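Just below sit the structures, each encoded as structure tokens.
Presented sequentially are two complexes of chain A, the first with chain B as partner and the second with chain C.
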Partner chain A sequence: MAHFTKATSLHDWLNQRLGIDTVRRVMATEYWIPKNINFLWAMGMVLAITFGLLLISGIFLLMYYQPNVATAFDSVNYTIMQEVGYGWLWRHIHGVAASVVFLIIYIHMFTGIYYGSYKKGREMIWLSGMLLFVAFSAEAFSGYMLPWGQMSYWAGMVITNLFAGGSLHADGLVEWIRGDYVPAQAFLNRFFMLHVLLIPLAILGLIGLHFGALRIPHVNNQDGEEIDFEAEAAKYKAGDKANSKVIAFVNDFMSKDMMVVGIYLIFFFYLVFYHYDFAMDPVNFDPANGLKTPAHIYPEWYFLWSYEILRPFSTDVGLIAFAFAQVIFFALPFLDKSPNAVPASRRGLFKFWFWAMLIDMIILTAMGKVPPEGLFSTIGLYAALTFIGLWIALPFITKFEKKV
Partner chain B sequence: MKNSSRRGFMGKAFGAVAGVGAVASLYAMKRSWDPLPSVKAAGFTTLDMSAYKENELVTEKWRGKPIFVLKQTAEMVKKAKSNPKDIERLIKVGNDYFMVCLGLCTHLGCIPGYNPEEKSFLCACHGGMYDFTGDVTKAPPPRGLDIPPFKIDGNKLVLGEEGPEYKKMLENGTTLRA
Partner chain C sequence: MKELFILAVVTVFTLLTYYLVEPFAHSQMHKHVESEGFAYKDLPALTKKGDAARGKDLVMGAGACAGCHGIEVEGMPAPMDPVTAAQSYGVNPPDLSNAGAVFDPKFLAALIKNPAHALMVEHKFDANKGQMHPMTSFYGAGGDLDQEVADMVAYLQSIAPKAEELTPKMAFETACGRCHAIHYPYVKDGEAHPAWTQIGEKPTFKKKQDALAFETKVLDYQDALTKYMGTLPPDLSMYIRSRGEHYIKTFVENPQNYLKGTAMPRVGVSAESAEKIIEHLEDVGDSKRHMREEIGKNVMIYIIIFAIFAILWKKEVWKELH
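Let's turn to the complex of A and B:
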């Protein structure tokens, strides 16, 4: 049996039973972060804080929201918005955070792509991050159903129809997902369950995996330099902090991290108080009506790029292109054949690939928002083809990249 | 050695029990997501076909889905007869011809809008178009609007029942089972 002595303090009492000093050392004071990083390395913490905001605002919304096709719309737009004290605050935080979280996810992803933080042992960080992206997408979609407005209903209709698989006509599968011939009570109830329980559980687990995946390879740095973390940590612990290439996660790195978080939160609450409308589609302030399609059905801005890859093609080709767009980012560490894990600016053709991909996704996003007519259709088609072309080109341009 | 083989056997025995349980649970979970019997039973709509006006689109409701009913003018019938694919899509009740279709775009299920002047449907979601018989004229929709199961009963049309005229449409590929 383990030996326990009479505790000298509450700290000691807990330490004997839970090893809190060890936990603190392993998780914080001796978890090493390179010095050579910039504010883009704070996006992980910004995301964690935003997830926290979503969770807390969601808990308060959950206390008044009613997952019933007859009352859902009013429980959001009347009860929460007009009756519940500060109900509007929770809703606007939840809506704005749901939108902004994707902006930060995209910045976080493109930072990783730019600095090559998905290879040389960091593949699992990338893959777990992509799983988080998928889980957040499902969470956003299921949450979008809940106010049961026109956009909720029709987005639900269109997205569940994707599962018919075009010419496969898996209508049985679509009806199984909905629990009805059309989105109705069974559909709303099960998406409510997914939104408030199953997907958040998955997200929490994946966040754990994502953090865990960082432990062994450590965080990348601005130059993709391979750091001997043990040697550098030894220097730091010996007191030579100036010459060590690493700092402790807490308090050194965390203080700067929280500085960025502070600036972010000012921007975030500016949006919550003065510009929440960007996250609230006016069409969704009409109650769901299964006999009237809105003039234009478009997803929230963060799904527009993949929506635009679906749109210009015939059903089957569109579905294949869409499926390709959904999964291809998972393959990035394996399609990038170059051993270089340095910033894109030092990687020859990959530099152009990076900026072309970023600009193409912005064009796809813009074209996904406008009606699919005339010139916009054409631009959308070429942008979609460019997206696919860039991914096909990636293994070739990286294979012949010079070693730096 | 003896010990470890016993443990091995116990592990395998547990694996077998757990496997059966897992399959059974998955089946129960699958069944729990199936549409409820009450949902499936509420599936019949009767339309009085004498009430419709020519070239005026009326939207009815069947199984929560919109049903387009468009009574054809003499001119439209004449035009449809020149194309066997078009005339097969129309339903003859008494002496009148009707287009009766699910009002959901066969691409991704938006509701197309009808333009009585052009006598065509346009889906605003992805730009698909259909003619006055519901046949597709512009991609991305892969096929014409689906025709719901129907039975002609004098001057009435019962949606949800499969009459001989509907079965013929299924056989010759005019529509898929909606």
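Let's turn to the complex of A and C:
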């Protein structure tokens, strides 16, 4: 057993038992981050803050939400929105944050792709990040079911139908997922459980893994420079902060993070109070009605690109393309054969690959929402083929990339 | 500088995506209908100046309005209870006390002369095929038809409350409330209002038997209404969020704009009444809008101050890092 002495202060008392000084040093004051970074490196903190907003607003909503097909809609739109003090505020924060969190996730992902932050020992950061993306997607989908409006119901119908596997006709699997022939009480209850317990638990665990995965390879920097963290840290600790290439997580990096967070929150709360409609589809303010299919069924904007990869093809081909789109980003570190972990601008053909992928996904996103008719179908088809083609081309164009 | 450039790139792609999935996609999915400002241009203008006293005689006498309509302000209750009326006519004929304030005068005149035409339901009620609108046309009491109709409109306007006395709730009840329920109670100016059914406000009952008896009446009324309209007209509790102001206004102005062949009639409200109906829908479906604006302002001020302090802190910390 360790030796304990009479504590001289509360700090000392805690330090003897929890080693708080060591924790602080390891996690904060001597956790080294490269100095050569821009505001895109703050997206992790922006995501953490947004997740915090989702968690806290979600806890308040959970106190009044009723997971029952007869009362769910009114518990959201009447009880929470009109009866409970500030219930409307929690709901608008929750709804807007659920949408904005995906904007930040996409910025965070494309930052990683642009700067090559998934290579040379950083593969686990990328993979754990992709697992987080999947978990957030499941969380967003299950949450969307809960108000039990028209779009909840019909999106639930369409997405669970995908599990029939087209020609496989695995209708038994679909019924097993729904707990009924159509989305009904069992369906709502299980998605409620997933949304408020199982998936949030998974997200918390994955966030831990994602942070842990950063520790050994360290955070990348703006120029893909390989930094000798020990030597630079020694310089910093010796007092030569100006010439050291690293900074401490707290306060140096944190102060920059909080500056970005502050500006981000202005944007976020502007949306919450003055422009919340984009995140809360009007169609979902009609109560669920299994006998009345809405004229247009579309997912929230962040799922549109993968939805559009499903749509232009025949059922079976579409499902295969859709499955491909869901998993292919996981393979990025292994399909990129180039040893260069530098910004895309210095990587020859990959530079064009990056911008083509970004623009193609924006086109897919737009075409995923408009009605699949005429010119839109054609554009959607070519954009989906381009998406698949870009991934097939990736190993070839990166294999012949010149070493920088 | 480089950071500002990166921010500009991120912002441009974000706004482009937003534009494509919101304004652009919605313009492709939904037909855009411009409002005519409730001018009812297809209906003839009133050319005669009406006389309220003569109008009263016509409404009570030759017009035979009171045979079906109540006029509460004149001490005349409806001839039938709402359920029996709906079973007889399809829908309960409105009490005329507020009609002169809620409906456009041009529309009222056209309605008296030819209800199916004014209501834009001629596809449903074609006299040549023997499909008669439950409200009969007024063919005149022997004098100048236009003068007589103008007199009747003048009478309805003379008994109606003044524009400032007409509350949003009254406008809704007269124009929409006999077909559409609003099952959300609401509070306005400290006063609590119960849920609205097609046969009136839902009272609170001490005994369950009474509550069930009322519920049965509502269901009987809804059955008659469903038969008349083809489907039960929707509950409007959340319509301000699910449809929005522009859609509701242009739909009410001319339902055929969006749903060709719909059984919903043009109800002929004036522009001012339409505003009041919207206000009522906001009162029940978006009752916290004033609070949202108020708190929004304060939160924005707070967050801007927070951001300024965050920027200052960063500058302070990074002074010795550069």
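Worth a mention:
By definition in this document, the second predicted complex is superposed on the first by the 404 of 404 C-alpha atoms of A that agree within 3 Å, B and C clash if a C-alpha of one lies under 4 Å from a C-alpha of the other, contacts with A are read in each partner's own complex, and residues count from 1 in each chain.
Here, contacts are C-beta pairs under 8 Å (C-beta built on N, C-alpha and C of every residue); 3 or more make two chains touch, one makes a residue touch a chain.
None of these values were measured; they are calculated from a predicted model.
When the shared chain is aligned, chain B comes close enough to touch A:Phe313, but chain C does not.
When the two complexes are overlaid on their common chain A, residue A:Leu89 makes contact with chain C while staying clear of chain B.
With both structures placed on the common chain, the touch criterion links A:Pro371 to chain B and to chain C. Once chain A of one complex is fitted onto chain A of the other, the partner contacts of A:Phe285 are limited to chain C, with no touch recorded for chain B. Of the two partners chain B and chain C, it is C that touches the larger number of chain A residues.
By the touch criterion defined above, A:Trp301 reaches chain C but does not reach chain B. Of the two partner chains placed by the overlay, only chain C lies in contact with A:Phe269; chain B stays clear of it. Shared contact residues of chain A, touching chain B in one structure and chain C in the other: 295-296, 371. Remark: chain A residues 35, 38-40, 74, 77-78, 81-82, 88-89, 92, 103, 107, 241-242, 247, 251-252, 255-256, 258-259, 261-263, 265-266, 269-270, 272-274, 278, 280, 282-287, 295-296, 301, 304, 358, 362, 365-366, 369-371, 376 touch chain C in the complex.
Interface residues of chain B, counted against chain A in their complex, comprise 30, 33-36, 39, 59, 61, 63-66, 106-111, 124-127, 139-142, 176. Listed in rising order, the residues of chain A touching chain B in the complex are 154, 157-158, 161-162, 166-167, 169, 175-182, 184, 186, 190, 290-297, 311, 313-316, 318, 371-373, 377.
The part of chain C that touches chain A in the complex is made up of residues 2-3, 6-7, 10, 13-14, 16-18, 20-22, 24-25, 28-29, 184, 186, 237-238, 241-244, 285, 287-288, 291-293, 295-296, 299-300, 303-304, 306-311, 313-314, 316-318, 320-322.
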